[in-house]
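First the structure, then my questions, so here it is.
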């Protein structure tokens, strides 16, 4: 988790609350309550015991600091939570956690938390996609230089750039839909994963508990096959990665020498009064790189020994909440940036002017090739580019007027006339998000 | 790629061929041929030119070593390949790579390779799932101690263990089905991603080229949104991770002190004649850890600047073939291991005997609790365990016979009688893979 | 940082305090005070101003939560701290942070924290090395089976195993000595790294400030060359890695089937009363894997653009405190484990018996080869091993007595007689740590 | 290793040869020869046997492809090499690999390779530092805008920028000196690490073998404590990271909109004739990110179980050669870039002009504050900046001439007059590398 000092820069308060200690404890208690209810319904434990357990689970809220030594002793957070629940459950204590194992409760609790956390991310993702759609529309026809390998390439539109930032977000929404049924499952399989202590109605019990919690109930235990968690980590890093790309682009677009697009409130310098730093955009890159790193850890934890591997579980517990918080922070910051995104058409125009039409060289070649062999056309363009190199006052239009006269080069090589499908790409963003 | 010396240990010849230089060059040439065909069909280039290009693309096979300096100069593999194709295409040279950009060809070529590579992995994955189903059936009722946190926990069946190895593989097949339509796309968007040089029929052209290659044709360029590649990396690491878990388990099951299950031909020691090393099982762990590491790199490459980022593309080119080869190696080795997997029931029985019934302690507690408060039951079990601690000749059955007489403890605590749903879990493996 | 719930399992309170928000704020304020002092001494700012700044720096303790929005706006923690200091400094405010840049203060503050943090780690490392030396001595001659590739190999001594755990720790102490002068430097180079605003006495000023803080003062700015931080990360991961190896070994030694060595208080299961989980040893593995992962992030941050790269700095801020805390936790847990480490000679002996002398096969071959060609000797050993395979009651001593009679095989193949340099290796641990 | 197609872009032929299969096999054979020699000298094996082994080791050169199946079976490369040596050694076969274990030979062979590999890297590192020193001198006084957070900050000199690229290289040379004695050691400890089969003269034997190979000979086995390898990985990634920073800077300096500094031969585009891509500089970033990723894997391999862990060793074998090759490639490419580095003073001057003096705002504030309270000075500067914002034709000099008349602002705010210690920093590069 992010420390308080950095919590607004790198963190997200809403997600921190959903994935924090208090929420984790509450979710584990809710898992125990759901287990007790289901067991009572199936006649495995007395109705009154279940009611007492549920009441206790709703009211007892042990302090994480107090539980911490117990977590360290047991190596799993559920145990001191169960102990606190038993104490609060009075005579029903004997029926608390009946037949389950600690990992059942930790995993189920986590799924309860994840359902909410992923709802938050879905909403933010959809919201950001909508904001991007608006901006893609707004700048659909705004020409801007595309840059390949950090060099001016050929014109595109700002709307197309924005639509391309948006495209992966829609895929991420699809991925989320496909992932959720694999992920959001109850865990109830007992000590060795055989459900032996859960009795002959184990399947029914698991389904009942799952239904109560709105989770799935796979027959095969997933105590040790953690592909759901690793897949989730991958999804989170795909999300922050997509935003990281947008952040990197915004940093570059806002460079002093370009200043074509600006988003967010620039950060002030402690000593240079003229500065306006693209802090938020940079942060998107930071968050993406951090999640890309942690993802590796979650995949290392797939190598989960035998029927429970504390070393592997510890990796998950250490990394997953932070990855979720970064995804949430990234989407929140991304939305702030996009909402405030504005272009400076004058600067863009000046940058086109400064390029002197070089970015139209490819287009010129294709235009010439309509009337001559392609190789000959490319030779004329090359000569024109050499002329521009020699004379800093010359434009490609001028040079071609001399070298290949008889065409209205100014019109032919206007940026607007050479945007290809840029506006159509921008228009794809009009399609509603799934 | 794996060096020759380690190619059988860590590599896979079949995948190395599919993802190697020769295949990459051939795939790029095939992409160019498909582009030319599609352009001819739409009347963009002459039919004869397309035919000449296709012929050249089928016959020219430039040596990767010869191309290497050109790749380094251009920073992209397509350029020297295109140069070689132009040279081979004679008078049709002018129509080679018409309107496309290098990345279109590299990316499309890679997708041509990936389609085959992923078919190979799918077949191996399905094959391995089938082998595991057979073995899960064979050992459905074979009791074996489950180990949580490296300690004997409670009995399960070997079939259940095997079915749990298998379960994620089925999910991986589902994930593959869901991923492929996002991944296997043609790239044809031109220099700035606007398709400007591809002319007004760009959409139709892209679709025609895609159809020829059996790929999808998204409207929005994916030159710079590399979530498809990163998702693929995640999938590959999920696959090796699942096998890595199986490998780790096999290594532990085959320890000298347990020797309950054995798979593969043991590796000999250079100096210790008694040894039979679980080399193949260890290798599954190695491959999983390597892919988990490389996955991070692919996600770092999501931060792809502007309309083409050579630094980010280089990461993909360096990592992806190796990850595919490791997945292929892992599945091949996994299949060899599972095919030769055999249990030693005598050793398993001896290990049960050596445990003296301690792993039945949970079961004993539940049995006693039928007739007395749970807390009291647990106290009796605790006393029994202390008795075992004090007397190395005592079993739990003996101890309970004294402490809680009147029950047939030997029958009640027999491993077979306490497997819960283990056999049912093993039986889930009977369901056919998707 | 670790959340409260997991703070005792994965965290370390002492290091968390040294690297926490309050300490970071105090250290930045101390950096500003040292700067003011040095400037006053050199006549750059008035003495009274420096005194007022120092007083304010000692008394003002802004709440991290209050500063968080300012940190997010500026993208760097120093700015709101400086603002708070200016407010507290009254009329001296104009002289606060005079000529410096935010990063100077953040970096210098971090070095003030790191000096203490690394003293803590050094002390714990030296302490652990001493504990290991004691245990290596205690078990110098205790035979135990060495395991290569998870199979019994040949005998060694427990003392040698422990000495091998200790050996890298001594190297880590050497590495620390070599690293510190590269790392513990003041930063004072101003906005563009040229010290322009610091005036003509910039060098003298930097040295004076450094002297006050007990840090070095390199001439060349290190705002953007972060090898010191990345090297520190590597060192921290080497430390946790060495402990992770010890943890993995302890987990394996304590397996139910071996139970040869035991360390720490076993963690209880929530449902299996017989269990005693090696939680602390597993945690050493978790911490090592987490630091190995984060190290990659710190090295990604070496790619630091131009004269300040907020995206790269954010990675450092997010990762370094956690890596330090894990190193501290690992050393604390390691010491607890080693202190409580005890062997079970009876179990070790029983495991030797169960091996039936197979681990002496290499030794037998060398003994026989004294009197016959090596190839012939190895054939006899191979035959003996086959005999053991066929007859589960046979030992290698018995088999060789038949196949190669006339030698006192029981004496020759006694474990104690075949420990090679094990005791000498254990004895190396007697050398004092540097 | 890098495939042929990418070998010039991402690889290095010289290092690939040093770390390739043929070199590895030769090094292992040399290790066996050195062992035999040392054993003969100590009377452990016959002189003639040693001579025959040495002869065979020099002549036999098994094909890696032929050895590959043996490597996969044994899980270690030494075994088939030893088998080939035995076959070639004729009657001396019995004395080949006498008392050693496979890992002794693999590790010693690797150290033989690493000594050469690290000499190559040291030479390249020193050479690059020298080239940078020359260029730092050449551009010592060339003003250029510093950029913090991708925004123009204040002036520095190009020489200072270059000296800052160089500074970490000198530290890397120091680190190398400190690391080598820890790293370059022989391994000779036998099967269980106790040297039991090496006989009573094991220490003397190890020292003799080490002396023959120019390696160290630690008393304690390092079969399982792999901190030397992990530290080496860290060093390699520090090297590529430093170059990655230089590469990122060069990419940014060469952007079309800046074009202030140019290095290397620009890569051509397949379709855009005006382009000159900074391929080599981008590649430095790629190589740095790849090594940063692999470093994590080497640290994961520190968790090395018991007396030999094949899974952990496999990670080292897979990653280390590639990391070395990337470091070599990075230094080679870096040298090419620096050698050809040239500045465009006209473009730099134009960029200063375009900034209109805003980057002098900090300096203006300090100048004004000589005669008035700092807060008042900053208010004047802020007003001047607002004037520049309103009037795109205005410069800071003009604005201040109006707002704070009576000073020669043009002279005071000239870039050359505000470089602080930039030239001195550049001059530090004159100090000879260690």
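Side notes on the structure shown:
Labels A, B, C and D are assigned to the chains in the order they are written; within every chain, residues are numbered from 1.
To be clear about the criterion, a residue touches a chain if its C-beta (ideal position, glycine included) is under 8 Å from a C-beta of that chain, and two chains touch if they have at least 3 such contacts.
What you see is a predicted model; the values in this text were computed from it and never measured.
Listed by label, the chains that touch subunit A and also subunit B are C, D. More C-beta pairs in contact connect the chains of A-C than those of the other pair, out of B-C and A-C.
Spacing of subunit A relative to subunit C, judged by their CA centroids, is 32 angstrom.
Subunit C and subunit D, compared by their mean Cα positions, are separated by 24 Å.
Shared contact sites, meaning residues of subunit C that touch two or more other chains, fall at 75, 99, 147-150, 153-154, 190-191, 197, 247-248, 251-252, 267, 269, 271-272, 277-279, 282, 285, 289, 293, 296-297, 300, 309-310, 362. Taken as a contact graph, the chains are fully connected, with every chain touching every other chain. Per the touch definition, subunit D reaches subunit C in the complex via residues 75, 93-95, 99, 146-150, 153-157, 160, 163-165, 167-168, 171-172, 174-175, 178, 182, 190-198, 202-203, 218-222, 224-225, 227, 230-231, 234, 237-238, 241-242, 244-245, 247-249, 252, 285, 288-289, 291-293, 295-297, 299-300, 302-310, 362-363, 366, 369, 373-375, 418-422, 424-425, 428. Those residues of subunit C that touch subunit A in the complex are listed here as 1-10, 20-21, 24-25, 64-65, 67-69, 71-79, 82, 97, 99-102, 105, 190-191, 197, 247-248, 251, 265, 267-272, 277-279, 282-283, 285-287, 289-290, 293-294, 296-297, 300-301, 309-312, 314-315, 317-319, 321. Interface residues of subunit D, counted against subunit A in their complex, comprise 145, 147-154, 251-252, 254-258, 267, 269, 271-279, 282, 293, 296, 300, 351, 354-355, 358-359, 361-362, 365, 378, 381-382, 385.
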